[in-house]
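Next up, some structures in structure tokens.
In the two complexes below, chain A is the common chain; its partner is chain B in one and chain C in the other.
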Partner chain A sequence: MQTANVNRLTPYLFLAPAVIVLAVALLYPIGYMIWASFLNWNPSQRIGEAEFVGLRNYMFLLQDGAFRESFFVTIRFAVIVVVLEMCLGVGLAFLLDRKLRGMTVLRTIFILPMMIAPIVVGLMWRYMYHPSVGIFNRTLKSLGLDPVPWLSNGDWAFASIVIADIWQWTPFIFILSLAALQSLPSSAMEAARIDGATGWRLIWHIKLPLMMPVLIVTALLRMIDAFKVLEVILVMTNGGPGLSTEILALRISRTASEFRELGTAAAMSNLLLLLLMLLTLAMFAYTKITEARAARLRARAEKDS
Partner chain B sequence: MQMTKGLTALTVGALLMGTAAVADPYEPYEGTTLVVNFPAHPHFDAVMEVLPQFTEETGIEVEVDQLQYLRMRERQTLELTKDEGDYDLIAYVVFSKADYVYAGQLENLAPYFMNPRLADPNYDAEDLIDGYVQNIGVAGGERGYLPGPTGSLFGIPFGSETSILGYRRDIFEEHGLEVPETYEEMLELACLIPELEPGMGGLASRAASGHHASHAFLLHLAPLGGRIFDNEWNPIVNSAEGVAAAEALQTIVGCGPEGSETFGFAEAGASFLQGDTAMFLDSTVFAGQVNDPARSQVVGLVDWAPHPMGVRRGSQTGGFGIGIPTNAENKDAAFLLMQWLTSREADIAIAIAGGNPSRFSTHRDPSVLEVHPHLEVFGEALQYADPDWRPIIPVWGSINADLGTTLSQVLTEGLDIQEALDGVAERTRATMQDAGYYTWTSDN
Partner chain C sequence: MPEIVFDKVRKSFGAVEVLPPLDLELNDSEFTVLVGPSGCGKSTTLRILAGLETLSGGEIYFDGRPIGGLEPKERDIAMVFQDYALYPHMNIARNMSFALRLAGVSKSEIEEKVTRVAKLLNIDHLLDRKPAELSGGQRQRVAMGRAMVRDAGTFLFDEPLSNLDAKLRAKMRTELAEMRDTIDKNMVYVTHDQVEAMTLGDRIVVMSDGKIQQQGSPEELFKRPVNRFVAGFIGSPTMNFLDGELHTKDGSTWVQGDGYMLPVTGETGQRVSQVATSRNITLGLRPSSIDPDVTAGAPIELHIAVAEYLGAQSVLVTRCGQTEVLAEIASAHRFESGKVRTFGVATDELMIFDRDSGLRL
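Take a look at the complex of A and B:
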């Protein structure tokens, strides 16, 4: 009896140190940030010297117009870039999923943007959007068209950061989508073809549903990243004009470093974390449903073949 | 006889050596290694060229941790809260004065200047640029951040800057234009130049959302007679003078080079250096680039004039100062280095190497003017350096950001200036209320 107990516990005992270290490494910073959000803490103080203010930082955020604006800019940005990048990335994957000469080189070129450091991407686009020497306005002028106020008008500036993000991160979606596409079971494809499915019908009814679990995780990863994007926007617009491109990560960074309000910055980070956690849970729930659907589809295809 | 003479000579020599050793204030610190923290900045690059001379003269070694400015601030924030810090001397940006002094992290310099073993009687503090000393060095007096009966010295200006007007001599001569001395003249010229020289902007100014727009506005606010607060900390940024300053900025940006609304300091400077703009009004630190052929296309074409006058003179004060952290290990030796760096001789050597002088006399020194003739005009301008052109209070960061983003909305979205500044004043009042600035006012 005792031996059976020891045998049952052995794996847990072996795993325990790693689990404890991981839990401490993950949970300690989060706990620290939650605690900091209840303090009136500036960087000149040690955390122990900061005044406990309860929920005051959260109450302040609820009334702070600039925070609200940042919050909505972030949501708008994340939703727009993820939707557009998913459409383009998946579209490109379907387009390039074929055996053509030079395809390997082409695929490598496609993934180059995501390998460039975000600061460099920001600088590069900032100069391309430059009102007089930037390539876009010079081209427009050479065609006899009016220059565009890329970064000096709120709406255009928002569009400009969306374009830069799409340029950098569509390849990420493309790579994962292509991998998912190429690992689809050939039996399912054959069965669909035997049933007469070709072209759009094959993509829409067979390939996309089978790829959906991967696509959802991909979209989730991009969504999380889009909510935290900082460097490119910092360099390109620094949040301006006005607050038109001030995404939450930038607001948090400014609150901590420029305004020196670490407690408020921690409260903002916690709200962002909460939002991302809810989003992740929702996505995982949806993944479960689509995985079950894909499994049913796969089983049916295998049965048919 | 010969032997006696020899002995006497030896004795006198030894006595002189002994006297010299006793008179050498650096001797007790010989062999000490000081660790200093400087920003990556043209002034401190010049300092690095002169610094070996200090070690040669004093035997005190200096290890410099030179960091990009924002990283330097972050590093200092961590270092200064430790019980024992790594730095013996730090350069701090002007608005850190409020944070560091308030947190008790910088040494009051009075005991050092009172110590006869440390204080050089020939230091000539009167020669230090008064506006800089008040703005960067002193705290605890009037309004908390200015001199006054209760104020003390916590740092010495080092790498400080004021505002100056740069203009294209060739363009001005070609069109027979007079160098503007008043705001009226400057604004008129700013919009006349694009008409005379199509494609060229009048005056390059920073205006990007946030700190840059706020800085540009403040440059005009002081000369046009305005302030952010009155004497009781009531926000008066929305006064007639505040509106005039915002209108001046709007005019300058409107008649400036294309895309001015997004310019930071670097872009505004680049526009002037590339020959796209005829005037530039900003910090003196920019002057070092104008005649550098690697960076400038207007080499030899630029002259300088003092910041034009509005209803009063009032050019900016800012940049860096140096101070001794309270958690420093070698405070006395750090004071000696600080005193040496800001001495007349070192100030001249640093200025020749391309740094910003901290002393009036350096701006008149023939050896400096031979290399940098423009410093003569800068010396004139410094008489009007306004130490109160911008409040140096701990909550300034958030007020500055709000002011800067609102002004950016004025410039890019056509927000009404009066309404925009009324909004800033209202939010500033709430920030000041939270920070306790109205605790002692009667209507609280």
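Take a look at the complex of A and C:
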């Protein structure tokens, strides 16, 4: 009896240290952040000295125009960059999915931007966007065209950060789509060729749908990342001009450090976290449900036949 | 239906030559089975015919028209794959109608064709399902159905039954045989399973190392194999091969080897009596030619190792001298392992092969 008990518990005992470390490392900060969001807390106080205000921080955010603006900037930014990066990345993958000499080198060059530290990317683009000495305006000038207010006009600034993000993160989509493309089942491809699908029709009817599970996860990962982007924009525009490029991460960091409202910043973080979690959960739930349905029908079919 | 001719078709992958120049003719409306061990080039031959592999040399003709440079879709073929190769994102109806939709066939005609074929294959209740929601056998039928709605001139099958369990495979084999009799098309079927080849083929092409060893009707291959390879490949359990010497004296012919001496009679006996005496040969002895009744033929002493009970028949694993010999015996007879017993051999069913070249004498 005793041995049976020990045996049953042994696996959990071995797991316990790792689980405890993970719980502390993961849950403690999240719990801390949730608790902080209920406080009116400035950085000069210890957390215990802060006043408990319940949901007031959240109520404030719902009415705060600047937060709403920043929320929409973030969503607009995330959706636009993910859509454009998906199109470009997948397109590049189709273009470079061939066995030609030098292709490996070319592919390596394509993924370089992803490996540069975001802060460096931000600096690089800030110099390139520089109104007088930046490469873009110098080029425009040498072509006899008017300079563009890359970072000083709201709409242009938004476009500028979108372009920089696309430059840095399209390679990520490209690598994952290329991997997906190259691991597609070859026999389905061959069946399609025999059925008469070539070129665009093969891509549209067979390849893209078969890549879809990978593409969806890729887009989700990119979306989560795009919602949290900070450094590049911080260096390039610092959210300006006005609030035109003030994405949530930037607003959160400024609320905490400039406005010294840790409670409100924590509440914002929680809202962002909630949004991302819902997005992820919806995706996983969808996959689970479709898989479970297929498994159930197949099990019934095996029994029938 | 086109008559298909392979004219010195070659295929190599890099430095590896898979098919040395291959000549093959497939007759109009015939069910041809390409059979051979893995790596013999049978699948490559089929894939070249389908246009999935390019030619390294030679040419293929459909009714005299060279088609080596044509895309698969221009060859009027339909193909069933080993792993079915269904499109996982389309439901069964769309899987079956994909080729027709690409070809711009009208909606009503597509529906009519898909429904007819689905009924024929008993999958009409599955049309809304996705492939992942079907059992292995059902997927197999869908793969067949997808080929059948095409109404192509030539049907290609690449080991279509090898992913099924034994019972289902036997059932599908029967259904395929029925389909063969109702559909008047060229069919080319690749398998490594000689039972499938024998039951389905009007004509069987036995391949090994990229070369055609023999082609002919199932009966021809069984009764008159040209060489030791074909004799060993066709028939189950496989033929026994015993080394021996061929002797002729005073009009009678016999083979003598380690632990046996058997007269060779019948047609083979007459033919090999012309061959020089004391020649080194390999004796081919079908398991079914061995009878527990000694009076049924010439006697042979076999040391029984194991009896494998298969139901109505049993396979005895025995030894004749140092050589393993299989015997197929009605299970009504019971044998004790470890005993030596005398059996009768049907001497007119013996086959004699040249020991060096492997050719049948």
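Basically, the second predicted complex is superposed on the first by the 263 of 305 C-alpha atoms of A that agree within 3 Å, B and C clash if a C-alpha of one lies under 4 Å from a C-alpha of the other, contacts with A are read in each partner's own complex, and residues count from 1 in each chain.
One rule holds in what follows: a residue touches a chain if its C-beta (ideal position, glycine included) is under 8 Å from a C-beta of that chain, and two chains touch if they have at least 3 such contacts.
Note that the structure is predicted; figures quoted are calculated from it, not measured.
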Partner chain in contact with A:113 - chain B first, chain C second, else both or neither: neither
Touched partner set for A:91, first chain B, second chain C, both or neither: neither
Partner chain in contact with A:237 - chain B first, chain C second, else both or neither: first
Partner chain(s) touched by A:194 [first = chain B, second = chain C, both, neither]: second
Contacts of A:66 with chain B and chain C, given as first, second, both or neither: first
First, second, both or neither for A:205, with chain B first and chain C second: second
Chain A to chain B touching residues, read off their complex: 42-46, 66, 130-132, 147, 149, 151-154, 237-243, 246, 254-255, 257-261
For the chain A and chain C complex, residues of the former touching the latter: 185, 187-188, 190-198, 201, 205-206, 209-210, 212, 293-294, 297-298, 301-302, 304-305
Chain B residues touching chain A - in the complex, by the definition given at the top: 70, 73-74, 77, 80-81, 99-100, 102-103, 105, 208-211, 257-262, 264, 276, 394-395, 397-398, 400-402, 405-406, 408-409, 411-413
Chain C to chain A touching residues, read off their complex: 50-52, 71-73, 77-79, 81-83, 85-90, 98-99, 102-103, 126, 129-130, 132-138, 146, 150, 168
